[in-house]
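One chain, chain A, appears in both complexes that follow, with chain B as partner in the first and chain C in the second.
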Partner chain A sequence: MSIQIKEVSKTFGSFNALNDINIDIKTGELVALLGPSGSGKTSLLRIIAGLEEADNGVILFGEEDMTHIRTTERKVGFVFQHYALFKHMTVSDNVAYGLKVRPKKERPSKKEIEAKVNELLELVKLDAFADRYPSQLSGGQRQRVALARALAVEPKVLLLDEPFGALDAKVRKELRRWLRRLHDNFHITSIFVTHDQEEALDVADRIVVMNEGKIEQIGSPEEVYDHPNSPFVYDFLGNVNLFQGRLQNGKLLYGNVEIDAPGFESAENQQAVGYVRPHDVTIDREDTSNEAVQAKVVHVHAVGRSVHIELKREDTDQFLEAELTRERYRELELKVGEDVFVKPNQLRVFIPEDYSI
Partner chain B sequence: MAKNWRFKKHSILPGFGLSLGFTMLYVSLLVLLPLSMIFINTSSMGWADFWATVTEPRVVASYKLSFGAAFAAACINVIFGVLIAWVLVRYSFPGKRVIDGLVDLPFALPTAVAGIALTTLYTENGWIGQFLSFKVAFTSIGITIALTFIGLPFVVRMVQPVLQNLDQEMEEASAILGANRIQTFFRVIIPEILPATLTGFALAFARALGEYGSVVFIAGNMPMKTEITPLIIMTKLEQYDYAGATAIAAVMLIISFVLLLLINGIQWWTNRKFVHN
Partner chain C sequence: MAGHIPMQHGSKNTGKRTAEEPLWIRVLLIALALGFLLIFLVLPLIAIFIKAFEQGASVYFASITDPDALSAIKLTLIVVLLTVPLNAIFGVAAAWTVTKFDFKGKSLLITIIDLPFAISPVIAGLVFVLLFSAHGLFGEFLFEQDIKIIFAVPGIVLATLFVTFPFVARELIPLMQAQGSAEEEASLTLGAGGFKTFLLVTLPNIKWGLLYGVILCNARAVGEFGAVSVVSGHIRGLTNTMPLHIEILYNEYQFSASFAVASLMSILAIVTLVLKNFIEWKTSQHG
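What follows is the complex of A and B.
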């Protein structure tokens, strides 16, 4: 089922939690709401679930206006960060809950409920734990129970609020792969909230980057990672190097070097910041282009497929980060303390909004 | 396994021997010794005498009244105590702190004062009594009201912290899964607060059984009708019948003990789901 969020706003007292939010989510999509804490992502999810009421705006499921429909009748699945399992019920009772509380006419028979519960527990690989209580399970297992419980009512929409936030790194990775597979098999329209950019990039079809109650950018993981449209998105998704300088004649001057800044030909003597990803940085022993800054190698982190190098600029004492392939690293024979030249290959220039001179 | 049995687990704080020893001594001196005196005193009378004393119709009627009224009062306190705790935890309103403080007052008030106050209110021409078509003061209803009054804080104070720590997300989860409000209340909230409520019930019940001061005024103390067991004990003491008094006390003690054991059993049974390993 598709979800449309139209002009949704929400304030808590004087705090503007959400500001004119518009998102269209297609049927079967897996969308991540990504942002730092306080960005309004959880509020938005809770408004979609009906746990919170928006001050303005409309929520549509398919063609149906859900804005004033109660949570109980929205028929969504919701997974909480801290599981919110019923502590006094066994795993299978937890999963069966949504079916057992249905009015008599719609309620499946005991046998059907039991079959459904078994099927779901098998799906989450917890069939051996059916008679345990939540307190006897690990965090990852509890979250799987919570997922099975949410899926038991066959929701058209699945909402997950930082579902893996409370789990340790390895379990988290496993579970998010598993969520992706689950989604690929069932095609439930899903929205999950996260502050972990890696998680969002790894799992989602589309990412909605939020900041301070506003949407910064909506796009596929590649789009938001490779073509961020704001300094915030650049900063929030992945590591980034900043080159602070001045715009002049279509070039960004930083330190004692300058580089082309396309799109800013008319800017005259304006403060600006160039953003570049660590893997878009070239390290050379000699300066051939006049676009490189001199820097000292501070630390080499050579675990994994690529080599991360930390450098310190000679002129401004700023730290830079570079990511090289192993081959390039061997070729350069870099050592800590050496002086090298660092050149950004692809510089995205933004003029800071709150900069006044 | 038996060989590995140890009294204490490894702990960074010392003092196991000392604190356990002190606890044993304290409990023995303050609880066990006085209680055993009851049985020792009772044993000074013969078996036949004992049986005659404790099964005397007037005494049996008082057992029924005492346990019945205490049970009824504890039940009323469970319902309204949970309600008060709910309101105090879930809602904010002007004067909330005052009400929160008032809950403890029955603890602090000398029980005789409570008894006199309640009697004045509920007599036939009292402030409340004049509007009622049935008699309250000097009947078992009056006794129940007095016992409810002195037992109120127990349930409230037991349930309040549990409600405070109740994860509201559980209620939200229940609502999202399609449960209506009544279902959420009875299937999710009640089971969570049940152990604390039972503890509150047991405390209120136990307190009401032993209550004397506030009841004697409102009860009227008519033999066979509104005479509670503690009063009979008092009467016997006034007549220097120490053995008779302790005999009745012993019976009361045993019944109370069995009942509290039973409540504890139920509690253990409901708690078993929450505490594992």
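What follows is the complex of A and C.
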């Protein structure tokens, strides 16, 4: 089932939670709504579920207008951040709930419900816990029950609100991989809300980056990570180094050096900021071009497959971050306190008016 | 009557604490507390029963089977059977409205729910007299329709309803606020309508709190004196509830009879306390 969100706006009192949101989600897609808290991502998800009503705009499931259809009839599966399991029911009663509350005519027989519940509990690997109560389960197990419960009604759309937000790092990683596999097997159109960029990059087919009630960028994980179209996206998805300077003749001048700034050929003497990711930074012992700034190594963090180097620019005292491969790090034999030359390989330039962090 | 403290659902202090105070201070404090309890709670309770049986068991049973006493007991039961279920429904509805929806004037509504706790029961009774008595606001209309409210059972029920209104709502509001509405929302997304959601999700979650509120409401409905006294007219055998009947007997120097009926109410109070403790124990089990 495809989902179209058209010109949706929502205010809470004087707070503009959502501002003219347009998203097209294809059937079977797994989309992440990514943004900081207060960016409106949860409000949007709740509007799609019908738990909240939009002030303006239309929500379509396939060709069907859902804007004024009640939650009860939208046939969405919703997974809450804090699970929202029914405390007084066992795991299997929780999963069966959506089938049991159906009107008599549409309700499957007791046997069918039981079979369905067993099948789902097997799917989430909790068949041994059928008679337990939610309070007797761990966080990860509870969220799997919540997922099984949502899937029991065979929803056309699966909506997940920070599903792994309350779990510890290891379980979170396991569970999101598992969600991805589940999605690959069932191809149910899914939207999940997260503030964790790593989670979004890891799991989603497409990422919708949101900020202050607006969409900053929509694209595949590669697109939004490698080609952010705004300073906000640059900053929010991963670490970034800022080179403040001046645009002149299609070049960004910063400190004593200059670097090409394609696309800004006509800009004259304008303040601008260049953005570069830590892994797009080269460190050299000698200055081979005119594009490097001098910096002192402040800290070396050598845990993991790459080495993170913290540096301090000699001219502006600004801190920079570089990510090197282990080989390159060994080659350079960097030590804290040494002077080196730092060069951005790929610099994306934005003029300050249109950025807000 | 200045309200009560809502039931505590938090974990109890289970850690053992070694007393650091010297022994004599501990003994003194415990003796003080126990002595206070004895003088102000246990002794009066015993006194009621001693006084009630002063002239022997036959007088005791004669007093509580006297037609006037029986009609007072009957009237009290009628009042309780009407007010407690009504206030349970109103209380749940009010708590549901306050906790699950956002609207303007919400804090005003909460204040109004507390109103009966804040004003004296006598004033509460007088309000109904001003509204429904022969010279009251609706007096003429009611007289034409031949409906009697003041100095009749409806007035007693209304006054009791008013005075006991906050108990259930006050008990449920903090409980439902703490629980939030996530479970209800989950139920809605799973296709259950509002009524099914209430029945299958909300009610099981609040049942102990609701029962607790009902018990407190019940105790007050049985024992209410001030408001009922103003609207009842003290007509023997017709509009006397148990507390009013006790007062009349007492004023007529029939001490044994008066205390006999009082002992019945004391038994009810003890039963209420036991039930209340049982429910507190039960809720702490469910965490």
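In this section, the second predicted complex is superposed on the first by the 353 of 357 C-alpha atoms of A that agree within 3 Å, B and C clash if a C-alpha of one lies under 4 Å from a C-alpha of the other, contacts with A are read in each partner's own complex, and residues count from 1 in each chain.
What we mean here is this: a contact is a pair of C-beta atoms (placed from the backbone, for glycine too) under 8 Å apart; a residue touches a chain by one contact, two chains touch by 3 or more.
Remember, it's a predicted structure, so these values are computed and weren't measured experimentally.
Three-chain overlay on chain A, with chain B and chain C in a clash.
Legend: residue contacts after superposition of the two complexes on their common chain; A:97 is shown touching both chain B and chain C.
Legend: residue contacts after superposition of the two complexes on their common chain; A:87 is shown touching both chain B and chain C.
Using the contact criterion defined above for the overlaid structures, shared-chain residue A:135 touches chain B and also reaches chain C. In the superposition on chain A, A:153 makes contact with both chain B and chain C. In the superposed model, A:242 lies in contact with neither chain B nor chain C. In the overlay built on the shared chain, the residue A:71 is in contact with chain B and with chain C.
By the touch criterion defined above, A:123 lies against neither chain B nor chain C after alignment on the C-alpha atoms of chain A.
The interface of chain A with chain B overlaps its interface with chain C at residues 49, 51, 71-78, 80, 82, 84-88, 97-98, 101-102, 135, 146, 149-150, 152-153. The residues of chain A lying in touch with chain C in their complex are 49, 51, 70-78, 80, 82, 84-88, 97-98, 101-102, 135, 146, 149-150, 152-153. Against chain A, the residues of chain C that register as touching in their complex are 182-183, 185-193, 196, 200-201, 204-205, 287. Within the complex, the chain B residues that touch chain A are 167, 169-170, 172-180, 183, 187-188, 191-192, 273-277. Across the complex, chain A meets chain B through its residues 49-51, 71-78, 80, 82, 84-88, 97-98, 101-102, 133, 135-136, 146, 149-150, 152-153.
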